[in-house]
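Okay, so chain A shows up in both of these, paired with chain B first and chain C after.
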Partner chain A sequence: MGKGKGMGVAMDRTRKFSLFVCSARACIGLFRIRSIESLQYRAAALSSGSISVFWALIEITVYTVFYRYAAHREAATLTLAQMVSYIWLGQTLVPLHPLSIDDELLAKINSGDVGVELCRPLDLYFHWFAKSAAGRVGRFWWRALITLGIGLLMPGPLRLGAPVSAAGLIMFLVSVASTFLLSAAYGMLVTAVRLGITWGDGPTYMMMLVGGVLSGGYLPLPLWPDFMQGFLYVQPFAGYLDLPVRFYVGAIPPGRAAATIALQLGWTLLFVCAGRLVMRGRLRGVIIQGG
Partner chain B sequence: MAEQIRLTDIQKHFTVYERPDGKWALLRAAFSRKARRVQALDGVSFRIGEGEIVGCIGPNGAGKSTTVKVMSGILTPDAGECLILGRTPWKERIAHVSQIGVVFGQRSQLWWDVSVADSFALLKDVYAIPDGQFARRSAELIETLDIGGLLKTPARQLSLGQRMRCELAAALLHSPKILFLDEPTIGLDAVAKLTLRAFLKEENRRSGVTMLLTTHDMDDIEALCRRVIVIGRGRLLYDGAIAGLRGKYAAREGQDIDEIIAAMYRDMALES
Partner chain C sequence: MKSAVWRDARVYLKYIRMHFLSGLEYKGWWMMALQVLLVCVADFLPSFLIFARMGDIGAWTWERILLIYALAVASFGLAESFCRGFDYFPWHMLRSGNFDRLLLRPRSLAVQVAGSFFHIHRLARAAIGIFAAVWALSRLGVPATAFSVGVIGLALLGGTLVYSGVFVLCSGIAFFTIKALDWIYILTNASYQVTRIPIDYMPGLFRRAFTFLMPMLVISYYPAAVVCGWGEPVAAGFLALPAGAAFLGLSLLVWKLGVRHYQSTGS
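Showing the complex of A and B:
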């Protein structure tokens, strides 16, 4: 029996591993299907892309006036040219961080189809992570292309500038990739919280809004009061767009690059753990409504 | 006949919140609410052996679906034991659900915007079905269920009858040992119902898959099941051959099966 038990543990481990590989493959499959599926909504992308461009132009106008007539212009952390780039890239990245949880998952929570999802031999957290991440990325591509393209074609002072250096561009791309995971992980934490609530979307919307405000999407973080800058740098939502954009315009010294990326990944890991923990608790008490 | 499913004294309750009524009800509801305990399952026990087709009936809200949900690992009961293929569903959910198939008549498992063939390909990854087995099994199911012409269609464009056939194929692709069917014929027309029943019967004969179906359609039971389980008010009220029910509750010869069941529900004071 003793020997059998040892073998049992080893078998269990290989089984768990092969289960993990299959889950990962299935999640990649889901990701592929879902993101391709969202790519087909081109008209929606065109209209939301023009909204981004419109907002970017308004913000640039406002900040240009602001910079020109400010009393302490030399005290600004970013130059006006850097600020223009900040705005274009910010508008590009904003749709990667929607202010609501994934429509499909929300519909499943409300209709009780969570039960059907649980009948799949997949870890629900990663299954949904793949789905919601794919939903974001599919919608993001077209809109980002439109915003970036128009930003680069703008005349002189309105144009999205070139990256500060090749290294800056690479760090920007790495940081965007990790921000994608970060915001998907936070979205999943909010989804897990929503899983136990039967009454409306208020609390989840508030959670998402906190992220939106602290990301710098409304008011760029460099313009917030000086005494807050330390806090703004370490809080998780700077990773949404402020940190990647700072890499691009060269507002983060290369020496701090590794620490900054590590900060983003650390928050991501924390959100994943918290999301899994909340979800496990919720599923134990979950009630699947209806027939 | 090897035993596959064993439920022992399963208990499950839900808490329902009620709003007070009367004057200022809405205002008072904001501060106090009355919790009421509803005992959905109150000690249900039964066993099912390999290859059986068992029908599960009972009035609306009797606890049938709750029983199926406990057995498919979705719900954790308050107390009691449930062993299916040697596993406790809610403790080893992932290992458990890879051995069973579930069809919900009122919910879809196919991906809504995706063609049926893509859904199948995804299920191949989800259940880790080897290539050869997948090719063989899907060809077989596509032929017997006659869904070859539907494979390129997204699930949302299928009629209910077409969709149910695809759902069945989807639930059986990974060759589960046990199939749970929750009201599989709900809303189907006569032809679709007959096709579905014939298919289930044939599938049971050929691959020996154990089936448990809940339904309100007594014709399903008569066509498919030799054994029937009656659940009412969270308890198991009858377990045995359908002929036994007939003998007990048929007031006259040749009475319709629906009337017999209605007489039984009345007798057990189960009317909702």
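Showing the complex of A and C:
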């Protein structure tokens, strides 16, 4: 009896491991297919890129007016040039953020196709993670290229400035890669929460709104009230936008660089665990109907 | 002729009533309304926080900005509530092929499309917009005279027509291209972000584009300026309704052109 059980556990482990390897390979494949697929929509990217540029120009105008004419100009925390770069890079990164649940996954949740997905010999969480991350990254490339390109071509005071240093640029890129994982992980947590809900998108949109507001995409975090700055640095959504951009404009002390990246990755890991946990709970209660 | 208009109005109201009642069946509808409310608050939060940090800009206080912004948001919310069908049209009617079914019915096409969707929670945006505008007016010390109520009322009416016009325009363009429609966002949610810039400092391009191309400032800034006495000619405050009607009229022309061009979609 004891021996049999031991063998069973060992077999279980090998099977689990091979399932994991297959899952990982399939997920990488899915990621490639979906991201290449979404790369096709160049006209759509041009169209949505125009929104980023328009938005950036409004924001830059607003902050320029405040920096030049406001009663307490000395209360500004970054320089205007840093702020302009902050806006351009922020607008570039926004398409990476989970501001809505992936269309394809939401359609599956609403239509009950989750049942079909469960029949696949794949880990549902990583399967969907790969798909939603790929959908976002595919749309991101073109739009980012347009936003950055136009930002660099703008005349003097509106131009996206150079990075503070080579090290700053490298840290910015590393941090953006972490942003990508963080966004995907939070998006999956929201998707998992949405799994069991049949009556609407209210709670999930609110979850995503909190992320958007605290990312610095609405108002650059350095301009938030001073007493909130400590909290704003450690909360997860600074990793969406604020932290990478701070590397670029040189608003993070070099001594804090490693801790900052670790913070981003730590939150990512936490969101992955939470997402898997919620999803497991939701799937336990899932009812498959029809035939 | 008169009976045709009456008949269309009845169809429209019937549609809206039906969608309203079916919307109430979802027990989470109030959650969506709350979410829209939070989006509106979050949208204005940056302006509030930056005024709090850096102070006023000359005569421009955050109450002034809020008033102009709220008028535009309220108009947008009203249009989004009562013209949702056009807002959804490109994706939920045209691409799906459902539009063909409307063509078969002996009623006005525009009315059928306008009434094809209605979401209760969208009223939240209109409600908070109107509330914020009234609150800002009281903070600015504007008395509720017949004049001020009239100007603001006409502004909201004209604004609803303007934003409905944007949805109609977008639907009309959708007959020709459906993939690259995202830019229309510049005329919807992004348009009223322009009001965050104090008008004296607004670049001429923005100011002219949103006065003459799409009269967003005509339905927000000018009525606010006339009611509060910021030195704009009084007549400018009454331009909202004619400007809105003209914009909607031109959009309907584009829409009609699109309908004529339409050759059915789907298999």
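Keep this in mind: the second predicted complex is superposed on the first by the 270 of 291 C-alpha atoms of A that agree within 3 Å, B and C clash if a C-alpha of one lies under 4 Å from a C-alpha of the other, contacts with A are read in each partner's own complex, and residues count from 1 in each chain.
Here is the rule we use: a residue touches a chain if its C-beta (ideal position, glycine included) is under 8 Å from a C-beta of that chain, and two chains touch if they have at least 3 such contacts.
Fair warning: this is a prediction, and the values are worked out from it, not measured in the lab.
Of the two partner chains placed around the shared chain by superposition, neither chain B nor chain C is touched by A:Ala167.
Shared-chain residue A:Leu269: touches no atom of chain B or chain C. In the superposition on chain A, A:Ala70 makes contact with chain C only, while chain B stays out of contact range.
By the touch criterion defined above, A:Pro203 lies against chain C but remains apart from chain B after alignment on the C-alpha atoms of chain A. Judged by the touch definition given at the top, the superposed model places A:Gly115 against chain B, while chain C stays out of reach.
More chain A residues lie in contact with C than with the other chain of the pair chain B and chain C.
Overlaid on A, the two complexes show chain B and chain C touching no common residue of chain A. Those residues of chain C whose C-beta lies close enough to touch chain A in the complex are 26-32, 34-35, 38-39, 42-43, 45-47, 49-50, 52-58, 121, 177, 179-183, 185-186, 190, 193-194, 196-198, 201-203, 206.
Within the complex, the chain A residues that touch chain B are 15, 18-19, 22, 25-26, 29-30, 33, 37, 111-113, 115-116, 118-123, 284, 286-288, 290-291.
Looking at the complex, you find that chain A touches chain C at residues 41, 43-44, 46-48, 50-51, 54-55, 58, 61-63, 65-67, 69-73, 75-76, 197, 199-203, 205-206, 209, 212-213, 218-219, 223-225. Contact residues on chain B toward chain A in their complex (touch as defined above): 14, 65, 69, 72-76, 93-95, 97-98, 100, 102, 104, 106-109, 111, 113-114, 118, 121-122, 125-128, 182-183.
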